[in-house]
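Have a look at these structures, which come just after this line.
Shared between the two complexes below is subunit A, which pairs with subunit B and subunit C, respectively.
Moving on, here comes the complex of A and B:
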């Protein structure tokens, strides 16, 4: 994963120039990926209308400064609100949840509960089978799989651009 | 201009018509083709530029996600779609930090672009042979980078050259057809004039105004000229006939005169030589004609001469020729007759006819005739001797007394 340091320019994806401190490149890249996943996913209006903000949640995970790059950016005409959450109830209020790589019973339960809701589940743990998008490390690059099998049960519409770039599409 | 006018003025009408037609065609076609070429230049150029703009939009749109995810292989894969683009030289995907995500060269690696700077504005620049277009890449309204494309304008020049070649070919073919058509039309226009020119030259050469001409009966100026020319020819011919009649015929008796006699006797002698036959000449002198003229006047004298010529015409054959060669002198040329005997019989008939009194305007008029006869080649060897021997014979006859004839003998 440390080889990802070789991709320093990723930071430039974001127009926010006022990053105060250096973020770990892996988190920065993942934050950029999360932003793009959100950009290329369409939520049904009923779900989006629930809040004036776009809730991007990190379940038991803290991206630190990297997550700050996402704050106050506009996503689907709403301001992004980055939250660190610890419970399934909190997760249900999010549009997008990132679940950390480490796995235990809570994460699995969370995924089980949210997999058919309007929450886009992104993880970097390939063992969590019923997440919607899985970020993987391949050589020096990050790639991702899209799980259409579970996305079908939601009202989430993933752009063909995203499917085209996916390493693997699970159906 | 004067030189041209002089040169042009000396050309035949047919060539003038052809040249004027071709000059008009050239003068019209040059500005038309310049306008068409200018229009085609701008139309082709704007069409190609529009194509390039559309292609750059397609590149920006199709690579947006790959650029957003910095996916080089996906970007490369997308760009390779444009490998068959006829004008794409190189394309670069530039990230917002001005680093190159991916470059693609459909043919050879050229790197015409020297500066790689992402921008949210569309920039276009031209050289003689290339067009460079920089276009921002947006993913869902989010600026993710720029695409810089360098395109060759070779295809534009190639299309333009083909257009010029085709136009020139069409012009060339059109010019040949125009030349053929102009020649044909000119010939058609000039033909009656040429015919008339040839005819006038022939008439001038042969001095024969009786030549019949085919009237060009069209309603145009040539038809009018042809009709006027025919009328003029007819008048000249009529005048000539009149002059000839005045020159060759006696005004009083309307029979051939001395002038005609001199020409005719030469022909008769030649004819006799050629066919080895005899030609007889009878010279007639009226007796007492002077008395009639002096006592009854010239009017009666003229009437008497007319009467005599009428009597002679009645007596002689159709092929025999009668001439009035002096005041009261007549000459007769007889050809194709067997012998002297027949001639003597004719002479006697003439004497009898002329000596018969005639009433002219209430006056009994009586004259006689003395006839001298000679022949070629029996008594003469040419025209002069024929005439002189006949004349001598006539004086011999006169010496004999009135109303007698004498045949010349050596």
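Moving on, here comes the complex of A and C:
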């Protein structure tokens, strides 16, 4: 029996080499989605904040090590800075904010404040109506909706390529 | 001081080496796969492994899982884990003034220390190791304000969870520092002169470290009650309780550290537990604590790795002021480690492979006599277990889950094998059918002291789930067979079957409805006698809606418990209890207020006990009580 304890250890050693991924952890995929959303969105030059960095913020959410892969990548000629934030004031300094699935009054207030600003709001909570992009699970895949109804009140421009990949476009 | 023997040392060193070699190997790998390298179109076609499944190895797809979130805990004003469990479909809690017990799906024996249900806190097995007890009241490790989510997974899924999950798993996910984001100070006051205090600090530091720390305590005078037949009037000073708790949870990058401590002291009247004609109390103290260090990493594109090492201890002390019994107590200490891999190495398969090692290195009990202390040391217990679990996507809409857990304990010649298999068919986008069968085994606890036996349960379950917009419908048909039961004497096998259904619906304007109905029958196979304290019918209704604009949220809970048999097989009539909670969040800035009325209509009802020489068969329960809590956030 004691030898059985070794099994996972041996499996670990022999299987760590990459084989083509058929499934990836949720946060790994979501982090990559955020990267692609940012890549396919243009911020008007007036919105460019004074910082030399592209601020990608997670509101009361922690992607853990999944968000580490985004750090220091270049986005629109700026280095990505990943921050965990906890207030609306902090969110206003971000180019993009991800809002967690759990909702309470603070989240709703945040979206209300930011929905017509130049901050791209992404969430995985479909109950938050006035976000810009919503990531949803559909069977075994993650899909996303784009909310043009609220985006048109901003100076954010999303590419037609992003719209083409969206599951649903809310006009 | 306990010293490791030569053989123990070898395994302890092996365990540590194994833990650190795998950890170091994992650290050396690229910790996180960078999915931005995959074209977006391809990424959209990639399956995802849900976060919860990775984090806590929960794969509940085949069971009819019940979930209560922190939002519901607030809305309905739950104060203890027992309140949360009592709100769930098919479960009911009951108490003997000392501990609270859980009944469900064909079990509900008075005084059963619920070792057949395991309690996990963020993946840590929180039952004490001597009695195997899960603590649900103020004796539990967690204040409910720290809970993000409670899941109840009915039995038969040992391979995917933990050892000994014979009849079910209660899986608790706690909050993070970022959920608190500041400091909360709470003060509560309620019936029986109950006073609670709590301070919780949570924050994400500049370096990304998440920290949560909480301290709380409780003092209550307890209640008065009178027994008709015994004529005993028990004063509330003999029924008081107090506790204090501490909880710490921190995480930084791949590492997380979590620890909790609770000390709970309670007195209860000697009558009717003992047939002693006195008003003097029995007093007991439970002290439970643990600390756990965990490391998680994506070690490659298709491999998730998780490992943890932990230490825990439990102390129980008892004093009988009637002097019928000598003071006695229990000490138990344990440590262990686990590691698991979740991988998508093969097309359409998600594999979970893992091992646990647990060393219960101290089991002592003691009795204090006038002329000295009698200490008894039980044989330390070493448990080795390993499991493999596969989620095979046979077709786009058809999944096969199967797995097996193997376990060996040095104190038991019997090996435990717990296999399970389930088929999940996604009939349409919003309808799924699940058919599962499993066999689960359980080792005896030290308290049960049954050598070389294991208890077993077979389960077959059929579940239908249907979702329409904001409405979720669920129905489950199940059958359990419990055999080779662990008891001091031979007891009959148990057969249990039942049906459960539930609806969850979110309406516009923050109105929420949850309603469930349970039908169950459980009986001993030999003489076809129904089991005691298993109600045939149970129904629950939860309704939450805003009042006064959105300044107040109300939470109404209606709990119906059907008739059941007492320990002398007499019928105990059904009862219905209504609880009401009013919650104000930020009506006054930064202040949350909640006011809960339990048993609104002052219903008289009783829980069942085993008849003893006192002749009593029931524990009368509280009538209408209230509890008010104010929380200030800054």
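Keep this in mind: the second predicted complex is superposed on the first by the 146 of 171 C-alpha atoms of A that agree within 3 Å, B and C clash if a C-alpha of one lies under 4 Å from a C-alpha of the other, contacts with A are read in each partner's own complex, and residues count from 1 in each chain.
By our rule, a residue touches a chain if its C-beta (ideal position, glycine included) is under 8 Å from a C-beta of that chain, and two chains touch if they have at least 3 such contacts.
Note that this is a predicted model, so its numbers are computed, not measured.
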Touched partner set for A:86, first subunit B, second subunit C, both or neither: second
Which of subunit B and subunit C A:158 touches, first, second, both or neither: neither
First, second, both or neither for A:57, with subunit B first and subunit C second: neither
Per-residue contact with subunit A, leading partner among subunit C and subunit B: C
Which superposed partner A:36 touches (first subunit B, second subunit C, both, neither): both
Subunit B versus subunit C as contact partner of A:68, first or second or both or neither: second
Partner chain(s) touched by A:140 [first = subunit B, second = subunit C, both, neither]: second
First, second, both or neither for A:27, with subunit B first and subunit C second: second
Subunit B versus subunit C as contact partner of A:120, first or second or both or neither: neither
Doubly contacted residues of subunit A, that is, touched by subunit B and again by subunit C: 7, 9, 11-13, 15, 33, 36, 40, 165
Residues of subunit A that touch subunit B when the two form their complex: 7, 9-13, 15, 33, 36, 39-40, 159, 161-162, 164-165
Residue numbers on subunit A that touch subunit C, as the complex places them: 1-2, 4-9, 11-13, 15-29, 31-33, 35-36, 40, 60-62, 64-66, 68-70, 73, 84, 86, 102, 104-105, 127, 137-143, 165
Residues of subunit B that touch subunit A when the two form their complex: 64-66, 68-71, 74, 95-97, 99, 139-140, 142-144
Touching residues on subunit C, where the partner in the complex is subunit A: 11, 18, 21-22, 25-26, 29, 31-36, 38, 40-41, 43-51, 54, 69-71, 148, 176, 178-179, 181, 203-204, 208, 210, 251, 253-254, 296-305, 339-341, 343-348, 350, 353-355, 357, 384, 386, 393, 396-397, 406, 408, 415, 426, 429, 506, 585-586
